[in-house]
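Labels run A, B, C, D, E and F following the written order; every chain starts at residue 1.
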Amino acid sequence: MENMVAESFKYMVLGMGIVFTFLYIMVIVLQYQAKLIAKYFPEEPDQPSGGASTGLDKKKVAAVIAAIQHHKNIGK
Amino acid sequence: MKKSIIAGLLLFFALFAGQATASEHAAAPSHVSATAQHTEEAEVHDKSIWELLKSFYKTTGIYAFTTPQDGVVNGEGEEVSSFHQTWGRIIMIGITLLLFYLAIAKGFEPLLLIPIGFGGLLANIPMANMTGDHGFLGVIYNAGIANEFFPLLIFMGVGAMTDFGPMLANPKTALLGGAAQFGIFGTLVGAAALSQFTPLFDFSLQDCAAISIIGGADGPTSIFIATKLAPDLLGAIAVAAYSYMALVPVIQPPIMKALTSKEERMIVMKQQRKVHKLEKLFLPLIVLGLSILLLPESTPLIGAFTFGNFAKESGVVDRLSDTMQNALINIVTILLGLGVGSKLAAEKFLVGDTLGILILGLVAFAVGTAAGVLMAKLMNKFSDEPINPLIGAAGVSAVPMAARVVNKVGMESKPGNILLMHAMGPNVSGVIGSAVAAGVLISIFN
Amino acid sequence: MKKSIIAGLLLFFALFAGQATASEHAAAPSHVSATAQHTEEAEVHDKSIWELLKSFYKTTGIYAFTTPQDGVVNGEGEEVSSFHQTWGRIIMIGITLLLFYLAIAKGFEPLLLIPIGFGGLLANIPMANMTGDHGFLGVIYNAGIANEFFPLLIFMGVGAMTDFGPMLANPKTALLGGAAQFGIFGTLVGAAALSQFTPLFDFSLQDCAAISIIGGADGPTSIFIATKLAPDLLGAIAVAAYSYMALVPVIQPPIMKALTSKEERMIVMKQQRKVHKLEKLFLPLIVLGLSILLLPESTPLIGAFTFGNFAKESGVVDRLSDTMQNALINIVTILLGLGVGSKLAAEKFLVGDTLGILILGLVAFAVGTAAGVLMAKLMNKFSDEPINPLIGAAGVSAVPMAARVVNKVGMESKPGNILLMHAMGPNVSGVIGSAVAAGVLISIFN
Amino acid sequence: MENMVAESFKYMVLGMGIVFTFLYIMVIVLQYQAKLIAKYFPEEPDQPSGGASTGLDKKKVAAVIAAIQHHKNIGK
Amino acid sequence: MKKSIIAGLLLFFALFAGQATASEHAAAPSHVSATAQHTEEAEVHDKSIWELLKSFYKTTGIYAFTTPQDGVVNGEGEEVSSFHQTWGRIIMIGITLLLFYLAIAKGFEPLLLIPIGFGGLLANIPMANMTGDHGFLGVIYNAGIANEFFPLLIFMGVGAMTDFGPMLANPKTALLGGAAQFGIFGTLVGAAALSQFTPLFDFSLQDCAAISIIGGADGPTSIFIATKLAPDLLGAIAVAAYSYMALVPVIQPPIMKALTSKEERMIVMKQQRKVHKLEKLFLPLIVLGLSILLLPESTPLIGAFTFGNFAKESGVVDRLSDTMQNALINIVTILLGLGVGSKLAAEKFLVGDTLGILILGLVAFAVGTAAGVLMAKLMNKFSDEPINPLIGAAGVSAVPMAARVVNKVGMESKPGNILLMHAMGPNVSGVIGSAVAAGVLISIFN
Amino acid sequence: MENMVAESFKYMVLGMGIVFTFLYIMVIVLQYQAKLIAKYFPEEPDQPSGGASTGLDKKKVAAVIAAIQHHKNIGK
């Protein structure tokens, strides 16, 4: 019981150390990766965000456009 | 109209009561007396319909709420005290109604607070025993929470919904998602100290760890850790975690403003570069690879999360990724909420510990926010590019609420200074950060 | 063309048969002989391909249907009689085909009758043992029906699909949903009397209760109660409940017309008032609150139902509510149907009791309809506002079919007299009514 | 065995009594609630029925209209 | 910037390291040392933060990959060799990355190879023990694969997605789906011979059967049979089955061209007749009926498949059929893939048998293709209507990839000769054919 | 062990025989069924293929057309 604070303190040091080490290595790797990819795959840059559901939206839009075309053809 | 209905009902009762009285052997509509009746089968007694009503009265909730019994046990076979049978349950029902109010009228994380609240409401119904092994909530709890499966499925869905683009555009802001985890570890120390040196709390170190994860501002991670380290505290920890995540717009701004000058809050950040889709594709594998190398204990959480993200970014399994983001996460959210709610039974929740959990959770949240902001200030000092310290607050995760709050506070100081995408970097890295922190706690305590 | 194929097949067989005969040690493709072969491993016998075919023949369904064996057991280890192995299974397969015909050609509740029917078809396949603990249907049954979990999930989805607006617009019509439950309790008495005083039936009181719930005209409630009180009767009760719900347009109109005069059927009801959305929001909480206070035993059913309804009416968890109404209820419907179908195995279904259940279920349904209509006539006498007695028939539930039938019968007497919305009040209150009745039966018999 | 009818009869009385009591109290509470709500929240009256899936329909219609707009703009 | 961050991190560590050294009693963050610490509770030792780091190092994946330990066991309690702890896991992780590459860049059956690959990645993480009974993958495996439930649900969804129209338009092409099953049975003989007479393989007859089913070119059937007959080979069999199904455009064309002349490949087939919807409605019942009469052991697979198809063709349960084809099959695909992936753990996959399985699977696939083509040539000789022998290759199933390949190869010989619909007949009958073959194997070996 | 090949060979004969028998009977039944149905239900012939998801598509198209109509009416 008497060592709870000391123990928890060590865990804090250890924990924050690991979290930072993890993220820091990740940052280094990601920066390096970005350079490599920019060098070897210069084409097809993507928008920085919002790529989540565009696949679906594109499909929907395509379906709608097709339907509209269909509708127009019927209408003629 | 009303009078005639009442008259009709009385007539109906009287009619049958008369006939029923005439019958020789009456039944008692409750478990206890049903057993009794079998043993006294031989006896012939003249029980009127009024006696039948009286014995029915003993099966009502009104009776149960007003007349506590000895020996009443909950779903896990633990005895429930008189207080918890009566006022305890009534207070808990009131609390679940409060959760509904907050979810509906105030928009507090309704997707989880409504199922959790309803689960809590059901868990406090006397005699129905829904938290037992064969009860509605007990079946759910055993199927997916006791084995920590549902939080992982949720995390998988969250992974499939997360866009790491903003973090990839400016990777070094990911460190802010690390600083904010000081909310977890700082609180761990604080809780241990208060448990050891004051009579306020009396938590074990393991309990302290489970509580401090609230500072990670991540629902499924909190539930996962609580189930593993301190299942009895699960209800309070889950409610605290989601409540404080919902309270981000209330808790964070004062801390953010107190720790930054107006000039700092007005800092404009450079527009983000475009991110190649291959960077997004490799990211989940890099994150998982690092967690395999450094901290295998974190891989259940990070594995589920990166699986969802990888499925999404692969672009070839859209139907699976869509299902993770919709049908599957919704079904699991409903069940997880109900199952977690089962821990809001009065005898589990209305204990001294709960208040401690709520207080420590709030502290953890605030400390995490502060640590994020301070780290951002430090980084801004040493960085070549300007970093607005406000985005540090988004490091706690609480995606995307915290990033939105950053944006709002930034706009207050300098209208038109859109920080949203800049804050999303720390925000999503905060999810990774708290999963890593969770891995550390598992590796220590499990 | 055909001849040449037959010639080819024969050639193929003959070719291999010759070679196979030459081989020294032949295998027997069945469990029994496989075991035998191991013990006689040392022996060398010359088994031709024709013997192989003969031993294969013993593993075919043709052999099983025509040659009953002693000691054949079903998934629960009970011995299956010769009749049930042969004609019994054939009759049951015919019955499932009839269910398909009714579902597809006549539109009888296909969402449940098709899965139940197919489950029944699979359950009657000899040797496949699909109802066993490791069989397709057995796994489903144990996962969600034995523990009464699936009916509750269905009820949750039904709650999320139910609009209580029409009932709130004219609350006192909810009493009609109570009167119709006389179908349950009246039949309980009748079944008990016939079991006691006649040689026609020989049901226990508990069986009578499980059967009479068919009068509640509510599928998940019937399955829930049958699983709890008389699991062996589950198949017949489920089939009866859904069949009669599907037969509402056939069963109800004659009863409705017999009990009302043309003038009564022509009564025009006042247009309904607008309902505030807060009324809809509070309704599930009020219903659940009442069931907590009066009848905690009914709260598993009513709790699941009101949770779905509350999620829908809260308006803040649309993705959960949509999932309850679609992906979740559909998945559970498929599984529930297959699992219930496993109780259509010949040895469970083709017993004397089944005919009794079908008859009593029909009586219960008819009595409920009549009680609803008579109560509506009574209410019309005492009410300030006119009440068309036809809407009483909708009190049995069978949402929304019964209300549509009321509307149709009303239009026959007076074209343009749209009773649909007026009938929806008793219709949805009938769901609550039968859940309360189920709670009473659970509290008595469980 | 001899008392099955008597027992079931009592259960019937009890059951119908409880069902009616339940629904009757519910009716009273709902009528009272309606008055209270009409008094304190007079705004936003809702249609008496059909509120089930309008959210979805609205979304769909909105998506379709947006798609049509998009299509028209492309068409120009 | 970078330097300053490194400086900051060092400062942070140094700061705490100093303080931590001062504290009296240090903790060891690992299971083993945590236990040790309890027993030595009395001792007071001065462990610096560096020692803490050192003991943390022993919990990292780096340590586990480089320092194999004695007595490490997998989820099933079997000891894992040094090789499988180190290079084995690394090789397997490389293999899963290869599967991702094939799935994403080459489009190889991504819907299953991505979940299977990710499951395999997770299964090879040291210390996380995800394949254990309480691990993420272990929970999934036990819930739905060990009991063979998930493959049946997939098969149900596949049934709901299959259109038997092309087969009904020209039923006799269904025989081609039978001929292709020679891939299964021929390989069974070959594998038995090689196991018996050569030192290359050493499979039991049961293993041979489980392996040869790869020639059926049907994923769920392969998983179903492997789980039943040889669960330890499940990982390799599933990977081989899906990989070869994905490789159809590579494996089949050379075989098809080698066995046919250019004239045969140019044969134009008669346009298909229109199929009545009642034919489609009855088809699943006919197929199930035949399998009941001839081979009840095949009815779990064929029952699930025909249930899905019947639900679709009934036209009255579209919401169930849509759910089978979407939400349900997607959810089960995710879980099935992860669960099967758990068998890609190094100690299960990197064994001599795997290479044998991959080789035999490829042979089975090729033999099935050849048998289909040869049978089609034979049928063309005897048929009144011309049959293009290429469509025989589609008899292996691998729906609809094999039919597309047929179409492509046909177009190469004669542009404009569209064989797609003609090839769909053998293609879907190949699914039935391999399910029947599976039933034969179950009836023999189970 | 020595009889594995012989056994497997028998299983092959048996297996291929059953597979062909199964499919052959199926073919006969299907051909007979086609004749019967053509005789007794001559109406409503269906397209030989592609019936898989038309129900959904029809619904979608209907929804889209309805939405367009709605949109047009609004536009007026």
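One rule holds in what follows: contacts are C-beta pairs under 8 Å (C-beta built on N, C-alpha and C of every residue); 3 or more make two chains touch, one makes a residue touch a chain.
These numbers were taken from a predicted model, which means no experiment stands behind them.
Traced through touching neighbours, the fewest hops from subunit A to subunit C number 2. Averaging C-alpha coordinates per chain and comparing to subunit A, the farthest chain turns out to be C. Matched by residue number, over half of the contacts between the chains of A-B recur in the interface of E-F, chosen from E-F, C-F or A-E. The greater number of contacting C-beta pairs, out of the two interfaces A-B and C-F, is seen for A-B. Homomeric contact subunit B/subunit C: same residue numbering on both sides for under half of the interface positions.
Taking each chain's centre as the average of its CA atoms, subunit C and subunit D sit 24 Å apart. As a whole-number value, the distance joining the C-alpha centres of subunit D and subunit F reads 41 Å.
Subunit B and subunit D have Cα centroids lying 28 Å from one another. With touch defined as above, residues shared between interfaces to two or more other chains in subunit E number as follows: 5, 27, 29, 56, 172, 175, 294-295, 315, 322, 327, 440, 444. Shown for subunit F are the residues that touch two or more other chains, namely 7, 9, 11-12, 14, 16, 18, 20-21, 24, 64, 68. The touching residues of subunit E, when paired with subunit C in their complex, are 147-149, 152, 172, 175, 281, 285, 288, 292-297, 299-300, 303-304, 307, 310-311, 314-317, 319-320, 322-324, 327-328, 378-379, 382-384, 440, 443-446. Subunit D meets subunit C in the complex at residues 1-2, 4-5, 7-9, 11-12, 14-16, 18-27, 29-31, 33-34, 37-38, 41, 44-53, 55-56.
Within the complex formed with subunit B, the subunit E residues making contact are 1, 4-5, 8, 27, 29-31, 34, 56, 59-62, 64-65, 97, 100, 103-104, 107, 110-111, 114-115, 118, 121-122, 125-128, 130, 134-136, 139, 326-327, 330-331, 333-334, 338. By the touch criterion stated above, subunit E contacts subunit A in their complex at residues 5, 9, 12-13, 16-17, 19-20, 23-27, 29, 49, 52-53, 56.
Touching subunit B in their complex are the following residues of subunit D: 3, 6-7, 9-14, 16-18, 20-21, 24.
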